[in-house]
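Look for subunit A in each of the two complexes below; its partner is subunit B in the first and subunit C in the second.
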Partner chain A sequence: MIRTALTALLSHWLRNPVQLAMLLAGLALATALWSGVQALNAEARAAYATAEGLLSDGGTAQIEHPSGQIDLAQFVALRRAGWQVSPVLEGRAEIGATRVTVLGIEPLTAPAGTGPTLAEPDLEGFFEGLGYAHPQTLREIGPTEMPLAPAEAVPVGTVLVDIRRAQRLLDAGLYITRMTLAQEQPQGLAPLESLAPDLRLVPPGDGAELGGLTASFHLNLTAFGLLAFAVGLFIVHSAVGLAFEQRRAMFRTLRALGLPLRHLTACLATEMVVFALIAGSAGLVLGYALAAALLPDVALTLRGLYGAPVPGALQFNPLWALAGLGMTLAGTGLAGAQALWRLWHMPPLAPARPRAWAMASRRAMRRQGLAALALAAMALGLALWGSGLLAGFALLAAVLLAAALAVPLLLALILRMAERRATTPVAEWFWADSRQNLPRLSLALMALMLALAANIGVGTMVASFRATFIDWLDLRLVAEVNVMPRNSAEAAELQAFLAPRTDAILPMQRIDATLAGQPGQVYAMKDHATFRDNWPLFAPVPDVWDRLAAGEGVLVNEQLYRRAGLRAGSDTLDLPGIGAMPVLGAYPDYGNPLAQAVLALERFNAAYPDTPIRQFAIRTSDAPALIAALQDDFGLPQGQITDQAQAKELSMAIFERTFLITRALNVLTLAVAAVALFAALVTLSGMRLAQLAPLWALGLTARELAALELGRALVLGALTLLLALPVGLALAQVLLAIINVQAFGWRLPLQLFPGDWARLGLWAMLAVLAAAALPAWRLWRRGPSQLLRVFAHER
Partner chain B sequence: MIALDIQELSKSFDSVEGRIPVLDSVSLQLQPGQSMALTGESGSGKSTLLHLAAGLEDPDAGQISIAGEALTGLGDTGRAALRRAHIGLIFQQFNLIPSLTVAANLAFQARLAGRHDPARIQTLAERLGLGELLARYPEQLSGGQQQRVAIGRCLAARPALVLADEPTGNLDEATGDSVLDLMLELTEADGVALLLVTHSPRLAARCAARVHLRAGRIGAVP
Partner chain C sequence: MNVKLVIPLLLALASPAAPQGFAGLGTSAEGFAIPERGRALSFPEDHGPHPEYRIEWWYLTAVLTGEDGQEYGVQWTLFRSALAPEEAEGWDSPQVWMGHAGLTTREAHFSAERFGRGGIGQAGVETAPFSAWIDDWHMTSRAGDGQDAFDHLEVVARGAEFGFALDFIAEGPLVLQGDQGYSVKSPAGQASYYYSQPFFRVSGTLDLPDGPVTVSGQGWLDREWSSQPLAEDQAGWDWVSLIFEDGHRMMGFQLRGAQTFTAGTWITPEGGATPLPDGAVQFTPLQHTRINGREVPTHWRIDWEDGGLSITTEPLNPHSWMDLSVSYWEGPLRFSGTHSGRGYLEMTGY
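Right after this comes the complex of A and B.
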């Protein structure tokens, strides 16, 4: 009996291959997008974990100097006093064809767990100068004289060597970068303050985390993945619902023949699970391919933007595959639950009523409208009074849901207006008929609206971010050349060398400090037009630059300004060693997780004497000549000079990569929405013959009818696009002004990119055209014979 | 001018048993204002003949002309234009456009044909007893009411020829009779030719002429 039932149930799919294809495609696409994005995120996160484990020795405490350099003598003094510390020397150097981070450690004293756990460390070789690097780094380095061995555990872009080797590679003097502390320290140690008062102990896990920096990027990716998955579920939901509806008579017969409802349910559930597994596996393969295709771009973006060492090659993770399949199964269950519920509540011998389209009834429409209104009110309330990241996400969800629910209502309204204005009978029918069939398309149109709104919203956010960031980068990198002295002696020499050759020398000095209870830094700023003319400030007090130059206060970065709730002109900030300083204004500082305050150079040096100069920003009208002079006459290695024009170019290139990823995801989400629309239109085209037949009999040709069908899809698509525009902008505004501020502390101005909308509109129309083409074509080619059958009493 | 002129019309269909001839050199003429009943057993080809006459299907051989215009040889577009201009079609069901109100349905064909006359539609609606139903949608009408709307829509466009395929087949006898009475009366009054397919000898008897289709040929009513 069960086998007979299964055969009967499956025969439906054989007779409706397009429906089956749609169901599987919907599931596979949803899985692919979701799991592809997850694979990217997981890969990046694994890379961060490696990096944090190695670079910042996440699990161990460290000793640092504000300048970033510790005299070797101090290290020796600590060792003599019994402190179990291990030296680390870190710096950038050119090896082979690329610049890498050279990380020098002393393997015998390095605390267990720090540094990479190499599988078979060749200690002897290590002491003799063997370096370890990620295979990808090795490829980037290319042929070199330095002995190098591959090690997966080393982050991309880093070469791990013995500290003596690092000293030679970095041309470093008698200093180290930091010390790591062993977990077990002997009893009764002399305190650090008495041995080396200028050093400070950094507890484990403190400091900048790559994960935090890149979180915004991954948040976007995840949001995209989730949205695509949701849109995919729309497809599955409509395909499953339709298949159940069409098999109602069959269910009835089977039950009349004595198949218990439980068995029928089990059969159908099995069918769903099998489909989910087949489509889910296909989706995983697709998702893996997608992630592998996108990863090089993502890796470059992350490496370039945040210096996060992400390898460009994807590794297969079985856990990821399982999670993806689980998500597919859960989604299918969600999509099929309603259909199964209806099955349980159908009296066994009830006549096969034509599907009672819930939304077609006026009452359901009204309920939907009320729900949309309630959600909109909730969104408004959240926007006005909500606070916190959670409220931000709730607002986002409320806006999207309210808009999606409102789509059919607004479309119906527009179509009714158009119908009133129609002058020809065919036009009148066109609008009336579009309105009548709206309920059957509304789910797909809602999905399309969501996809378009997300495209516009995320696109606007990314583009706003890019525009703002590039402007800001331009201002930040306004100096033509940057030079990094190795120590204070060289700094003094450089200053003397540069003074007659440049327009201005702007030294960069900073100390680490706790600002308003947050980890942060205090910077010195020389009073100069470079800053006065270029730094965008918000909420500055009058004569802000003069007052800053006079040492009367500080500027703070936006993160600190917002998080500490400071007000320029009225509030003060406590600086170590100085005390309360008035806040004079705030400046944008995108991507920086740390709090920052800027102090006039003179005031800074008075408060924190002997802070080393880390960098000179140099203004000059002839950068190439200056760089040549620095190299040839002064003898400064190339590694200590940065040409800002090149740095800028690099940043731009990285942003283009970010755009590529966003665009690829945009196109994919849109494709999923197009499939949803296609599913709905194919379904509809079967039911529409009886609606179209009278028109054909009245003297419209099948070709005209097909053209009208195509036109209807385009009109509905265009109207949906129109509705998606404000929703997308609202979405962007929520992302930029609320979520970003809550999550990262800075706010971006919303900028409009009509060119992008036009391009998106074109894409959307192409997608709609693709979705509507097959049903229209079938109507045109096979129309007459099928339409005739309507009248031939075959129904 | 002859409203419908069919000459030597042949049509056969492909089936698993091979080619089945349905119409075999059928000829038929209908004058303006004339009504003709077409009877025959189920499967004898009545509907096929009607579909051919309306240009909904292509004949294998023979000529059809409507109100003096040749139908055979025209393409899809030409046949559709001829339908718009001269033919009113009434089937057993699916006649009305579900998304339009009764009023819009009534006016639809006349507007398509460019012969919209609100006064005439008003008269027809009253004559057909549809005055109260103008704002309703087809699904809100009974079968008899739907067929009356179809007749009104047809006649509002002043066609030369009305082709009706068992228009009362779905209705009970009394309703069917009253609908048919109206149709005969109105077509005669307007000088419209009517070809009526029916199974009922009683209804056929009320038409001016009667033909019977058997084995693909036209014969006298048995």
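Right after this comes the complex of A and C.
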């Protein structure tokens, strides 16, 4: 009996292959987007773990100097006092075609159990200069004379070498970057404070916190994945619901033949699980492909924005696949629950007449309206009193859901108004019929509205950011040439060389410090018109630049300003070795995850003597001549010189990469919404024949009917787009004023880009047209015989 | 870097070929100097390092008795291993240093190791004034003017659970092993330069988990350098230094290979040395101890027929295993039979 029942149930899909395809496509798309995003997140997190294992040596404590440099003699002195420490020399250098992080270690003293586990280490080669790098890094480096071997365990963008080799590559003097501390230490060691008071011991896990810094980025991705998943579930819900309605007669027959309700429900549930597994597996394959396609951009974003080394190649993780399938099953359950619940409560011999499966009764409408109002109230509450990134995303979700729920109500209102103004019978019929069919399309239209609003919101956010960023970059990158000295001797020589040839030399010095409990950096700033004239400040105290130059206080970046809730003029900031300094103002610092404070150069050097100069920003009226002089007369390698254009190009490239993934997901979400609309229209068209046949009989041609159908889809799409516009702008405002501030620490002004909306509108209309084309075409091609048959089969 | 990398270090340093023999000591010596018979050793220069040779060590042992009446043994060794036959400043130095320290009690055996690169000052040996060091471990001469640097040495080492600070005062002359310091190691003629100071009176303090113990006793220093002391088929050695109750000393070793090769030196209380040729001394294992899955012969009979010597040795602690990156057995012993006394046993390649 059960087998017969199953066969009967499944025969429905054989007769409605498009419906089956929609169901499977919806499930597969939802799974693909969700699991693809999860795969990206997992890959990035795994890369952070690798990087932290190598760069900060995971569970190993470190010894550091605020300046980032330690005399080699201090390492030897600590060793000779019994401290089991190992030197690390790290820096950036050009190898082959790219710049990499050179990580020099001393394998004899490196603490056991840290660092990458190399499959087949060639230790003798390592001593003689062999470097290990990720295969992707090797490809980026290209042909080079330096001996290199592949090692997956080394983070992307890093070359692991013996410290001797690192010293050569970095042209470093007798200094190191930091020391790692072995877990086992001899008994009775003299304390570090008495041996080297200027060094500090950093406990394990306190180093690079890539996971923390990038959390907001991943939350962003996850939110997008979830949105896409939800949109995908709309498709599933409509397909499942429709199949349920169409099989009502079959259910009644099966029940009448004696199939227990329990068994029928189980059959339907099994059917759904099987579909979920099939479509979920396909979705996983798609998701994997999607993640593999997007990963290079995500990797570049993370590297550019946070310096997090993420490889561009995807690994397959079975856990990820299982989690994806689980999500698909849960989503299918959610989408199918309503159908099963109704089946369970259906009287065995209920009339088999198909009803509108999403009832458009007044009560249902009122309930939906109330839910939308409640969500809107919640969004308001969150906007007023919520704090934190999660509250920000909850606010986003509430705004989107409230708007989505309100869409059918508002559309019904608009259609009713249009109906009243209609003057011809066909027009009146058109509006009334559109309103009549609205409930059946409402889910798809809600999905479309969500996708459009997300598109407008994210697009506006990105474009606003971009505009602000370009203006800021122009002000920030005023120095015509930047030069990076490799060591302090070279810095001194460069300064002497540059002095007579330039208008101003602005040295860049910094120390690492904890600022208001956050990882951060203190920079030195020379008092110069370059900064006075160009740096935009918020809320500066009067005479801010004079007071800064006098060493009376600090400027802080916007991230620190907002996160620590500082107020210029009244609050102070504790600096290491100095103590409380008044906050004089804040400056925008886009793209930097760290807290930052700026101190007058003289005050900086008094507090932190011997801090190496990392870069000179140079003002000159003839940049090409200066660059030529630096290269030819001074002999500085090209890799150490950046001109203004290069710097801007680099920053913009990083910026563009940052939102590439966002845009890609945006487009995909819109595509899913189009599929949802297509699914709804295709299924609807099958049921509408009975409603259209009378019109045909009254004299409208099939061609006119098809055009009307197409027109109706376009009108509904356009109305949805209109409704999506304010929702999208609200979304952009939430993203700019709440999410960005929480995630990155900067707030940006909202700017409007009508051109982008027009482009989006065009795309959306094309998507709607594409979705409506097939049903309309089928209607047009239906012969009179099929339309006639409607009357023959009059129910 | 992973400890797995460090372990094969000494094996890998010498040659890209597969490791052979103990700690790579049985591999070829291209580019490095080879010991020559007849070269007279000269001091204090030869107390210092010989970077043109591949391997070298400064190796001290002491058999000690505490004021608590307990017996102890101490070992302090600094090894030098060269990637290239030269010395250079900074990280360019091809010299690699390794320190081993051991402390044996009847119940326990402690060991620790240190690694370091040459050229930067973390480890090395200087001749005038004499000092050999790695990290805070050191063997520093406290000898007065006109004395040999090894006449008075201060020796310090510590690990996570133990430490020692001992004074070594020589009560006899340096002794050249083999043919005036040219010590043959195989029938094929592999050899090293090898001399000893076997006449130390030792005093000082041991730091043990239960607290410090004042100790006194006798010590022995070996200096040896070469570029390839073992033949390729030789897998390891058994070596003893014996301090007789009547004041004599004896050094003996056997190198285990296709053929066993033995050598030794009989030393009078005044420092007169008689080399004992291959085959003169017989080593017979009497009892094995299972350590980390290895069968290690910890009890021996040693016979020197021409000298009328037949003794059996008994370790203070049969588990004197130096469980380090390069592992071996090394610990104090007592011997009895035709003669009696105390000594040190080192066994490698098990």
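Just so we're on the same page, the second predicted complex is superposed on the first by the 739 of 795 C-alpha atoms of A that agree within 3 Å, B and C clash if a C-alpha of one lies under 4 Å from a C-alpha of the other, contacts with A are read in each partner's own complex, and residues count from 1 in each chain.
Note that a residue touches a chain if its C-beta (ideal position, glycine included) is under 8 Å from a C-beta of that chain, and two chains touch if they have at least 3 such contacts.
What you see is a predicted model; the values in this text were computed from it and never measured.
Undergrad: So in the superposed three-chain picture, is A:Phe127 touching just subunit B, just subunit C, both, or none of them (first/second/both/neither)?
TA: A:Phe127: touches subunit C, not subunit B.
Undergrad: With the two structures laid over each other on chain A, which partner does A:Thr701 touch: subunit B (first), subunit C (second), both, or neither?
TA: Once the two structures are laid over each other on A, A:Thr701 reaches subunit B alone.
Undergrad: Once the shared chain is lined up, is A:Asp433 touching subunit B (first), subunit C (second), both, or neither of them?
TA: In the superposition, A:Asp433 touches subunit B alone.
Undergrad: For A:Arg342, using the defined touch cut-off, is the partner it touches subunit B, subunit C, both, or neither? Pick first, second, both or neither.
TA: neither
Undergrad: Going by the contact rule set out at the top, does A:Gln185 touch subunit B (first), subunit C (second), both, or neither?
TA: A:Gln185 contacts subunit C only, not subunit B.
Undergrad: When the two structures are overlaid on chain A, which partner does A:Arg562 contact: first (subunit B), second (subunit C), both, or neither?
TA: Neither subunit B nor subunit C is touched by A:Arg562.
Undergrad: Which residues of subunit A are in contact with subunit B in one complex and with subunit C in the other?
TA: On subunit A, the subunit B and subunit C contacts do not overlap at all.
Undergrad: Taking the touch rule as given, give the residues of subunit A at its contact with subunit C in the complex, in rising order.
TA: These residues of subunit A touch subunit C: 72-73, 75-76, 79-82, 84, 105-110, 112-118, 121, 123-124, 127-128, 162-164, 167, 174, 184-188.
Undergrad: Help me check something: in the complex, which residues belonging to subunit C touch subunit A?
TA: Residues 1-6, 8-9, 12-13, 16, 83, 90-92, 96, 112, 115-117, 120-122, 133, 135-136, 158-163, 207.
Undergrad: Note which residues of subunit B are touching subunit A in the complex, please.
TA: 47, 51, 54, 56-57, 76-77, 80-85, 87, 89, 91-92, 94-100, 104, 107-109, 111-112, 165
Undergrad: How about subunit A: which of its residues touch subunit B in the complex?
TA: Subunit A reaches subunit B through residues 424-426, 428-429, 432-433, 435-437, 690-691, 693-704, 784, 788, 790-793, 795.
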